[in-house]
Every structure is written in C-alpha cells, then in structure tokens.
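Dropping the structures in below, format is structure tokens.
Each of the two complexes below includes subunit A, the first together with subunit B, the second together with subunit C.
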Partner chain A sequence: MPPTSSSAASSRPTLPRRAAIVGANRIPFARSNGAYARASNQDMLTSALDGLVARFGLAGERLGEVAAGAVLKHSRDFNLTRESVLGSRLSAATPTYDVQQACGTSLQTAVLVANKIALGQIESGIAAGVDTTSDAPIEVNDELRRVLLAANRAKSTAGVLKALAGLRPGQIVPEIPANREPRTGMAMGEHAAQTAAAWGISRTAQDEITVASHQNLAAAYERGFFDDLMTPYLGLTRDNNLRADSTLEGLAKLKPVFKPAGYPDTEATMTAANSTPLTDGAATVLLASDEWAAERNLPVLAHVVDAETAAVDYVHGDEGLLMAPAYAVPRMLERNGLTLQDFDFYEFHEAFASTILATFAAWEDPIFCKERLGLDEPLGSFDRAKLNVVGSSLATGHPFAATGARIVPTLAKLLHEKGSGRGLISICAAGGQGVVAILEA
Partner chain B sequence: MTVETLDGPPTLGVLYGRALLTARSGGSTLPDRRLDLPGVRIDASLVADYDHVCGFSVGGVVPPTYPHMLAFPLQMRLMTDREFPLPAPGMVHLRNVITQQRPPEVGEPLRVAVHADHLAAHPKGAQVDLVTAVTDADDVEIWGSRSTYFVRGAPAPDDEPSAAPEPDPQVGRLPHAVWRIPGDIGRRYAAVSGDVNPIHVNGLAAKAFGMPGTIAHGMWTKARVLAALAGRHGPAFTVDVVFKAPVRAPSKVYLHTAEADGGWDAKLVSPKGKDHLLLTLRDA
Partner chain C sequence: MSNDWYSDFVNSGFGKAIAGQVGLPPVPQLRRYEPGQPLLSGPALLGTATADGRVAKVVRSLLTDLGIEVHDDPNAAVGGGSSSSKVAAGIIDATGLSGPADLAEVQAFLTPVMRRIGPSGRILVIGDVPAEATSPAVRAARRALEGLVRSAGKEARYGATVNLVHVADDAVGADLESTLRFFLSSRSAFVHGQRLDVGTVPGFSGSSQGVDWDRPLAGRTAVVTGAARGIGATVASTLRRDGATVICVDVPSAGDALARTANDIGGSALQLDITADHAPATLLDHAQRHGGLDIVVHNAGITRDKLLANQDRDRWNSVIDVNLNAQLAINDALLGSEVFHRGGRIVTVSSMAGIAGNRGQTSYGASKAGVIGMVDATAPLLVEKDATINAVAPGFIETAMTKAMPVGTREAGRRLSSMTQGGLPVDVAETIAWFAQGASYAVNGQVLRVDGQNFLGA
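Coming up: the complex of A and B.
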C-alpha cells in the first residue's frame, strides 16, 4: 500500500480473502411428476430461500447478492431469482441475477458469490439453484411459433391473414424439452453410455457406486446430518428417490437403458438406478466474509479455496460430453500445488455412476494423462472410502441447477464436523462443461 | 457455346409441370448453350428461411450451399427443355462439388451462369453434370459448383463417367451426432429451395421413381453437415460430396466428423453402417 492511502482504505480487510460457507437450506428433492408436480421453480426457490432466512435470522436483511438459476426455465421467469427474492423475507433491496450453466449452475453461482466476497465487493451472498422437470415449459412447435410471430409483425389485416395462411394441423404438436444435446441429437445418457463403453466401465462397478450412494445417504439421514441443511416442503421430509434397501442383487435385475451409438456389439450397462432420475427441487447456500459471520454470531463451516471451469469439444473432438471435470481438476491442483490424493473428502456429482468411474479411470490412465492432460505422470487413484460419504445425486436425485448448492454445504459441513481438512467438488454439465472447487476447514 | 441471358429467374413449379406434362424429344447430345442470369441479389430474408431449415445461424455469412438456390432454377430450365437428353422428374443428385473463393454477400450484384457438361453412362442409367459459376461485379468468380445428376434406366452415349476420384473421408468409428431426420423435411426444404421434385414431397410419387419413400434433398443433407461444421473452416475452400444412398424422411442417421489435414472429413451413415453421404472439405 502506498503511504498516501486514505484511512478509509486502510480500514478494509486484507484482500483477497477466502469466502466462508456459513450454512445452507434446501428442500427435499422429489422425483419428477410426484410430490412437487404443481410447484414452479419460483415456488421452490422462494421456499428454500425463506427456510435459509429463518435458519439464520436474515428476515429484512439486505445481502450483497443472491445468484441463482434454473436450467429448464419458462420465458416468463427471465428474472427468476429477483422474483423469488421479492417474494421471500429477504430485504427487497437485495440485488440478484440469474445464471445458467446446466448442472454446474449453482456451483458456479457459489464461485461467483465467493469471488465477490474475496474481493471485498460484497460481505454476504446466497448462491442457489432450482429445477423442475414436472412444471417444465412446453414450447409451441417451432413452425407454429414462426407463423404466429410473423402474424404479430404484420402491419395490416391482410398481412396477418397472409401470415396465418402458414398454419398447418401438424404444428399443434408441442415441443417438450428433452434432455438432449442440440448439436449431437444424443440424450445425455447416450453420451454417457458412449463414454462408459470407451472406458470399459462395468455394470457391477456402476451398481456398487449406486448402492453406496443410497446407503450413505440413508445413514446420513439416520444420524441427522441433514437436519440443519433442509426444510420439509409439500409433505416431504427426505429426498423421495432414496432407496435405503438398495442392494447389488436388486440392481442387477434392472434392464439396461441408453445403448451406446457406435458400439453395436457392446453390452449396455446403464440402468434407471445407476443413472440419476429426473427430479424437482431447490437448494441454497449462504456465503459471507468471516467478519460478517462473526458480527452475527454465525458459524463458519469451511472456506472456498479455489475453483476451475473446463470445457471439452464433444461435438467434433473425441472427448466425452461429461468429461470436462477430468480436465478442470488437474489444472486446479497444479495451481494450488496439490495432488489428487491430498483431500479428506471427494464430492463427485453422480450424473451417472459411469461418469465418475470414467473420470477416475482417465486419471489412472498414463496415456490419457499424457496426451489429453499433458501430464508426465497420471493423477492416480484415491481412497474410495472418502467418496460421497453422505450419498450423492444417484440417491438424492438431481434437480439440475440445484446440485452445486446441495454439494457445497454438504462438503462444508463434513469438513466442519471433522474439524479441519480439505475437500474436492466436481460437477459435470451439459454442453461439455465441468465446474470443480476446493473447500477447506 | 451460345449464351442466353435471362431477365429473371425461371419459376420452378412451372418447369416441373412442363417436364411432367410435355412430351420430350430427348436429344442424344447436351445443349451447347449457357444460361446467364445477371443482376442477382441475395435476399437476407430468404437466406433466413434457408438458415432455419438447414441449421445455419441467421445473419452469419451466407451459407456455402446457398448459391445453389440461385443456380438451381437455371439448371432446371436447361434440363426441362424438350431437347435435353435426360428427364428432370425423378432425377437424383449423385455428387456436388463446391469451390468458394469467398462467401457472397447479401445484396451484392451477382451473375449466375449455368451450363450442362459431360453426359455419360452410369452402371444403372445415365448421368450429367450441371456446372455453375457465380461471379461478382468485377467479373471475378467467387463461387462455383459441379452437380452430377443421375437418371435410372436412361440411355447415354457410351462415355466414361466423370473421372475425378470420389472423396474418401477418414473418420472414426464413433458417431458425433445422431440426427432424427424429420418426415416433413422434404416439404420444408422444397418450400425454401423451390425444388419440388416429387421424390422429396410425396411418398407415392417417390415410390413411382424407385425410391423406398420420400427422401431428403441431397443438398439439404450437404447443407446440414456444413452447418454442423460452422466455425471450423475458413471462407475459401472446396467441399466435395458424394450422395451414396438417399436419406429417407423420416429416418435416423449418424454424423461422423474428423479434422483432416487442411480441412474436415465427414460422413452420414445409417445406424447399420450404410454410407449416405461422404464429404471432404479442404481450405484453399
């Protein structure tokens, strides 16, 4: 600091600083077209925010910002987060913005809020995400939409009639959003099936991940781990996708789905159980500076250390759609002087059991690490007992944009319980992207 | 070669009607004349319609397949003449090579010139090339194409088929995209291209011409593949496509792509591995 700095500037904390994770609230996640079938994104996000406000006494409080998003969004919800905050008990003077990065959305909003806190631009903020696959937007058929828009642009009655002459009966068929990549025409599961086949991921290994996810989540509920992370909603007190009695024998009976294109002779391995189901839900996480938390006697569970986002060319390149985290993690490790083995907890979003197994296989493969990651040595393996110790998306379900805001406080609380330590978060996202982060307590 | 200068583009519907209804004398040699259409200006709104159907982004460069829209009515005018040796209805596109020096711009005055070339025997009939040159205001050719059309069972002088080697794209085993070809794509492409060849718009007519059902326009499949490669090549290039087997509408096809030395290779294949389209694109 030059000596001419004003006293106002010198009263500022040393920057950058690490943003603290104070706590969280989410609603239980519900399988599609079930408990939350009639709730909108705005309903669920408002409810999750109000639960957070109640837990931390934030009623009427002006926070630095709320950053949230949804993947499947009605056009009327262009200001989804702002509308939710206006309907919540937070101060109406709390600014907001919407972010959409597919399944990476609310880990990315947590990074955005944390970075502003780190730079001293804000003292507190909420990162959140919400998605409904039940109250999903249905679009009119693209041709019908163009006809109607052309009629709307027409300036004369004759012009309107001329435009409407383009109407055809077939245009009544609406377009329902599909979990499909626009440039490849393949469902996310079909992409994952290709990657699973490419890495030779076995059915049994996928089912083992699945059983562990359900058993770990069930045990975490039993010991009350989620008591201060969740508020009941519309009659649900737990994620209703959870099958505490999942067994390998039971899962082995399921018929595979998602046949991998281009592998006519490869046996399909992905089932409804080792793939995440469509789910509805919302999650929020409160971040702040240590000072802000201390002033309010609020806890600090953990701090955000670093984050990295990667993207891969799954369109014409030969990388799998969900493999971006395999690239993001080594870049982040390198920057922080860490190895893959330097963590106490590994929180990997289980989009599909095969996705995280393919990522682990890639990190153990010297050729992949050399040719794709430019590393002399493979990243290697890590102690699987530290993976998703309180369950993850296969058991909780996966409302796309809510997943990061579920995982961040889960890891923060695990680190806080342990007293000290370091954890890794990894989330893959549609569009060939991936967001990863490091937390420490 | 005589040059016939037109004062406006021919109307395709009329040409098809004439081709279907009038008796042809069917000469055995190609007409020794070139059709010239000066003062053509590309219309942004028509390009937008074309973009919507083929998957290009609206407002970007004019798609490299778009000048075919300007040339096709002239090709049809030549091919529907009573003296033209091959009948136009039921004609199938076998190959299309486009060489673009630069993309044409919306609104600039262009001259489109078309002539027929190389009538030849084909193992199952006859084939002919239609050659197009698009020149700008400085009389510089900015875009050229050679379209090879085939007519099943038609007689032809015992000439060797066009000798240029077919493109041989080198792509990997894994498809990069799975396309569900919509059942109405023939009708939609006909609406923007004017190419109302019955094999694309009517199932019964398609069967009458020996097709399994309505098939997608070859130039639509070429456009769709180029749209998928948007942003991955420069403004000047040659893109050579062979249409190996018609793509039925509706159907499912796989797109395979690979970056090649100085360009891109691509293939459209059926899920069972039958080649539909082979493409090589080489930057100039």
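Coming up: the complex of A and C.
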C-alpha cells in the first residue's frame, strides 16, 4: 500500500453539507434602563449560553466554536465571547471569536458557523449576539483623550503637569454613544424617515405592521412557542416591550417623530411604537452537522440553505441606509433559482415598520427592480399573512447584535412545526448593510 | 449552621447545659449518607423470634459479606468492649410468628437493643404481611409488630430509627436486599416509626445481582418534575450522585433556576408546565434524546391554601391539576409507550397532609391522598413491564416553603415528631433514589412517610 492518507480522508463527511439548526436559547429582551439596567453584555451572554447548555445537556462539552458579538461594546470586552464562554458551563476548550456587523451581527455569526459546518471544519457551534443600551460604554471625548495620552507619555512630573495644563472644561464632557451614522451625522430614524417618504409609506401601514407584530408575539407566548427558545433572566419571563393590547386606534394617538429632511410636503409618520425601542438582551442558536445531532438524538429543526450580504452607498449614492436587503435578497434568490413567492415564512427584522414596507414597495416597483436590481420583471409581492407570524423586533425589542440569533431559531422552529418548507430571513444593518438567508426544513 | 436556631442552640455547649437543666427536648444530629460511607458504623445484633424465621440468613450474609461484626445474642459483648457497648443496629427476624405468645421473643431481643443502640443507630423489625394470614391469632401477632414499632419509635433517642418491614410469602430473602440496605444505611436518616411491605404486589421480577451499590442508578435516565428548587432540585442531584442522567422539568417561568440545577449535574432542562395537554408527549419526546426513560419522579406540587368554607373552584382545580391530574396523564402515557423502559420506576411525592389532613389544606390534602390512591391502582398495572410505582409522604421538610411559615406553625412542625426536628430535602431524595433502584423491584405500591415520625396522623 502506498503511504496515502486514505484513512484520514475517509473520515471526512461528504462535503459541502447543510448545517442544521438544533435549537436555541435567549433571555427575554428588556427595554433600556429597565430590568437589565445592571447587567453587562458578558453577564447576559453568559446566562443565555448557560440556558442553551442546560436545554441540550451540553455542560462540560467542547463545541467547534462560539461566534458572537455586540454592537455597543466596552474596550475591555475585546474578547467578549471568550470571556463569556469561560464563565459559562461549556468546556473551556471551546474556541470563540467576536464579530461586529451592527444589527446583522448574529445572523452573520450564524452564517459563519454554518459555513464551517458545511465545509466539515467543525461539527457544532453556537452563533450568538448580545447588546445593552443600559450599560453602554461612555467614552471621554477625543480632546481629553489626547491630553491624557500626552500626560501618560511625559517623562517628568513637570511634563505631566504641562500636558495636563492644556485641559479645558469643555474637554471633560463624555461622549455617550448615539444611534447615529458617522458619515451623515443623521440618526438612523432620520434616514428611515427619508426612505419612508421616498416610497410614500403611510402612517397607517406602519401601524398595521406594528399591531400585527405585538399581537403575533403575544399569541406565540400564549401557545408556549417560546418555552424551548427562552430562559427567564433577572425576573423577566417575557420581552417587556410587548404590548399585547396594541390597537391601531391606540397607536394612532402617538405623536410622530423624525420629519423627513428634504421632503417638505411629507408629514412625519414614524412613532415610538412603529420604531424599535432601545433594548437589552442576548440570544444564542445551536448549529451542528446532522451527524452530530443524530449522535445525541437531538432534533434538527431546519437547515441553512444559503445566505447573502449586501451593502449600499447611502452616503454618496441615493440609496436608503437600511435598503441593502432589497439588493441581497434578489441576488440570493437568483443563485438558488427561487422567486420571492417561493417561501412559507418571511422573517423580516422590523428596525422600523417603514423599513420593511419600503423594501416591499421597492420589490413591487418595476423601475427600481429594472434600474437598481437589473431585473426585467419586479420581484412582486408575497402573502403578508406569512410575514413575522410570531412577531418580530417591533414587539420583542431589538438588542442590536442579538436579533439574528433570535430570528434564526424562530424561523427554524416555525418550519419544524409545519413539517417542511422554506423561509426567508432579512436583516438590515447600520452602515448601509443587509444580511439575508434561506432556511429549509 | 442550619436555619433551625433551636437545634443549633440546644446542640451548642452552653445550650446543652441549659437544655438539660430545664428539660428541653434534645435535637439529635442525624448521620446522613455520603458516597463511600460503610453501611453500618459499628457492630450489629441480629435476632430471630422463631425457628421459622426466613430472612435472618440473608441479613446475616449481607452484613458479614460487608465485614460487619454480627452477634445473635443481644447481650453479647461487641467490638472488643462489654455487653453494654453501643451497637449500630439491632435487627430481628420476626417472620413465622404463630401467635401473640411469640411476641415475647421479639421483646426479649429488643429490650437490650433499645439500651445499646448508638446515635443514628438502626432498629429494624422484619415480619410477615398480616393480610396474608388467615388465622386470627397469627394475623394478630403480625399486626402487633406495627404497634410495637411505632411505640418504640417514640422512645428511641439520639437519631436512632425503628422501622418495620413486611415480607410477603412470595418474596425470598434476595428480594429484600435493596430494602435492607436502605433501612440500615444513613440514607433513611429521617424515616422513623414506619412500615413498608415488600413483595405484596404479585408477579414482580428483577434481580440485585451485580449492582454497583455506590452507583445503583448508573446508566439510567430519570425525569424529575419541579426540579428548579426545593426538594426537586435535591432529588435531581441525588439521582445524579447515584449515577442517573437527569432530565430536569419545571415551569418555563422557573427556567433560570432550572438551568442551574441541570447544569450543576450535567443533566438537561425541559421547561414544561406538567398540566399542559401536550406535557406527556413533550416529556416522552425529550426523553428520546437520552434513549428513553427509566425513572420518573413526580415531585412538582403546589399549595393554594384556603379554608373549605372559603374555597372556590379555580383555586381548588389548580391544586388538583398540578398535584394529581398531571401525574395521572403522564403515567397513562408512560404505560402506553416504549420510551418508558421495561423495569421502569415511577416515584411520586404525596404528603403527610394527604394522610393526616391539615387545616386550610382541603385541596392539597385531597390531591395528596389522591396520589396514594393512584399508586395503589397503578402498581399492579406496571407489573407486566417489570416496573413499579411508589410514593414518599414527606412530613416537615426544611425548604424555602417552610421557611416562610409563621414561627409557631414552623416550630410545631419541627418539634412534634420523634426526631424533634424537620427533615432535609435530601432525606426525601434518598428515599426516592432507593425506590428508583433496579434492585427495588419487589417494592411496589408503597407509601413511605419521611417525617421523623411526625405525630400528625401517625
């Protein structure tokens, strides 16, 4: 026999293969400065991981990897995921890394973990995300930072004093992170308002999306949908942003904000209800090869079929900040030979109700589809009854980096309950990016 | 320090002196089980009441195989000491009684034993099942043992226990092994003044050959309901200690505590309201992850106390649903499913309140008495699966629930028992773990109080 590595080669599965979604755990999401005001990202992520470990009996197990991230992150948390895993019940031999892609973070980590599983590099992994707007990092402003660094570099006491003598009261004002785009200086809501105006999205249509989100989430809780997707945390057993009694009449009374700049004739349509509130929380999802799941008699809820990330030029081009999914979806559909109508469930992250409505409007618009997407036919519309059937971000809240790991298992479980089918996930993200994916059961 | 200040006080040096002078009841420190602990901490006395005794032989070989010093004469000098040296156990084979006259032999053996029994010692009387006797004199003698044991229990001190085991005609000595080990060891620390029948449900089969007595549940999968806290959390860790893989069940709202219980013992957490329609199916489905189920512990329970005069239907039903209906529904599913393995064990938690009743607890008392009825009727149904069902009926157990009681009620609960203290969750858990052993195959349809011989309903 020639000295080949045939035995090593034969232990490799047939590749690529589809990664399975086995299950998930998240903590209830909490409105900012509320139930989790004193919890750090690391606390929340560790707790969410431990709930997942308990659900699947993984205490002491070494997994292929844990990929997670946070958007609002302290500099001391540079190794947030590693520190969380070390504090969790997982084996300390489980490798980790941090990813940061704004609101797309934990859909992207799910894609990364799934891809490694597909390539046979790992057999199992956890994708996760966490964010806190209550324990957000506060930075000293740039001026103060320069003075302090200069003082630190000074060799003599006199040098230190000289450097510090340069301090001015105005420099001591801390910078609290704001939900603003660095390149436009505009709040995300201001961007969204412009997009809503450009696509003529009505206040009522936005409120309808909002009411549906709350009612669907409330009904899902009532039927125990989250019993195996969530573990209580710090006294919270449900997302506390949920308003089960939301009605169109009630929402109509709210005062709109974000008058769209550049649209003098358009009224403001966005309100505190049809925009997601600042939220704290963490979410995790367990992915694996079918073999790994089968060895442990664990369920396979669904498989990851494909994913796509797009980015748009919202700075110099005239595309909306949150419109990247409008580009990502058709590219992914084409690669898979699918149409927009070929899905049983549509899970669209509701950053703002207007965001998803603008995306849907764009797909129904022949000019947009021709000029921006290069399509002869518009993508068209789909059955809205299949949209966010167990609620989405408007009701759950949206701890930025945790949203993908909330949506992936939600869709996987819906598909599993149905027995078979296909679902589409779409998440828009700051910086003009968007991450989308297809799951099948 | 425990949370029992009285016990801490009378056991302190100063407290002991004061308590002795003013006649406060002593609170014995009970010896409790730790892995690797020898079955008995000293010599044993083993008597036989009649020439027809049929279990002394197996008791003797069990003890001598374990290297325990055994004497037939209750007045023998032991351990290189004298005829008054302390012993760890006194066991009398009182099977084969032909009438009340034979009871004098039992007395003759137990009188020196009562004087010699050491702290946390074990006095065990083994007799025949009264109901299996047709002769009035024989049945009277057999039944008399129960009165003797329950009274002796009230005289025993320093944590010694006195218990009675009935052996059915169908049972042979080997069928007794796990029961002997339980009652002699410190696993039964808070089981006192009680009676247990072995082999009374016909058709049992099983074996205690090759059991690893340090890990008697090795390789078994167990479900414990209400495992987030209290007694259930301790049951889960005790079953784990004995080798089982444990699925911990509790309501979704207790999920964070449940996750801690599960992770602490390398088990899995299942957030499930056992009263949900889908609960039995969900439970069996989850158990398939572990290749099926061997042990189910129905521990979840609630109280919604109200005087009967003020009772209302919803409150009433909520207690009956959790404490009784949910168990019935799960048992039905277990009986009809291959997922519940041959040789399976169901253990349920009744309560002293289900036997003696308790003011304000009509719903709770009803549910816990109902559990006993359920055990009675289910036991014969399980025989064809070589499975068993048994119940523990805890008395006053120190948990968060009892900590919240008014001081007077709490103190009465503790002191009005032969042990003059509350039990610990682990005392209930040890009893459950013993029922759950494969080697306990002949123990079926039993209700055992774990209550330090509480005076209520005794």
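Definition applied: the second predicted complex is superposed on the first by the 436 of 441 C-alpha atoms of A that agree within 3 Å, B and C clash if a C-alpha of one lies under 4 Å from a C-alpha of the other, contacts with A are read in each partner's own complex, and residues count from 1 in each chain.
In the analysis below, a contact is a pair of C-beta atoms (placed from the backbone, for glycine too) under 8 Å apart; a residue touches a chain by one contact, two chains touch by 3 or more.
Quick caveat, the model's predicted, so the values are computed rather than measured.
Visitor: So if we stack both complexes on subunit A, do subunit B and subunit C clash, or do they fit?
Guide: fit
Visitor: Just subunit B (first), just subunit C (second), both, or neither: which does A:57 touch?
Guide: After superposing on A, A:57 lies in contact with subunit C but is clear of subunit B.
Visitor: Would you check which partner chain A:24 touches, where first means subunit B only, second means subunit C only, and both and neither mean what they say?
Guide: neither
Visitor: Now for A:194: first (subunit B), second (subunit C), both, or neither, which partner does it touch?
Guide: The first partner, subunit B, only.
Visitor: Figure out whether A:186 sits in contact with subunit B (first) or subunit C (second), or with both, or with neither.
Guide: In the superposition, A:186 touches subunit B alone.
Visitor: After the superposition on A, what does A:231 contact: first (subunit B), second (subunit C), both or neither?
Guide: After superposing on A, A:231 lies in contact with subunit C but is clear of subunit B.
Visitor: After the superposition on A, what does A:298 contact: first (subunit B), second (subunit C), both or neither?
Guide: In the superposed model, A:298 contacts subunit C only, not subunit B.
Visitor: Between subunit B and subunit C, pick out the one touching the greater number of residues of subunit A.
Guide: Looking at subunit B versus subunit C, the one contacting more residues of subunit A is C.
Visitor: Kindly classify A:209 by the partners it touches after superposition: subunit B alone (first), subunit C alone (second), both, or neither?
Guide: neither
Visitor: Looking at the overlay, what does A:412 touch: subunit B (first), subunit C (second), both, or neither?
Guide: After superposing on A, A:412 lies clear of both subunit B and subunit C.
Visitor: Check the residue A:315 against both partner chains and state whether it touches subunit B (first), subunit C (second), both, or neither.
Guide: In the superposition, A:315 touches subunit B alone.
Visitor: After the superposition, pull out the minimum Cα separation from subunit B to subunit C in whole angstrom, please.
Guide: 45
Visitor: Which positions of subunit C touch subunit A when the two form their complex?
Guide: That would be residues 245, 248, 252-256, 258-260, 262-263, 266-273, 276, 288-291 of subunit C.
Visitor: What part of subunit A is in contact with subunit B in the complex they form?
Guide: 146, 170, 183-186, 190, 194, 198, 261-263, 315-316, 318
Visitor: Over in the complex, which subunit B residues touch subunit A? Could you list them?
Guide: 52, 172-180, 184, 228-229, 232, 254, 257-259, 264, 271
Visitor: Applying the document's contact rule, which stretches of subunit A touch subunit C when the two form their complex?
Guide: Interface residues on subunit A, with respect to subunit C: 47, 50-51, 53-57, 59-60, 89, 224, 226-228, 230-233, 237, 296-298.
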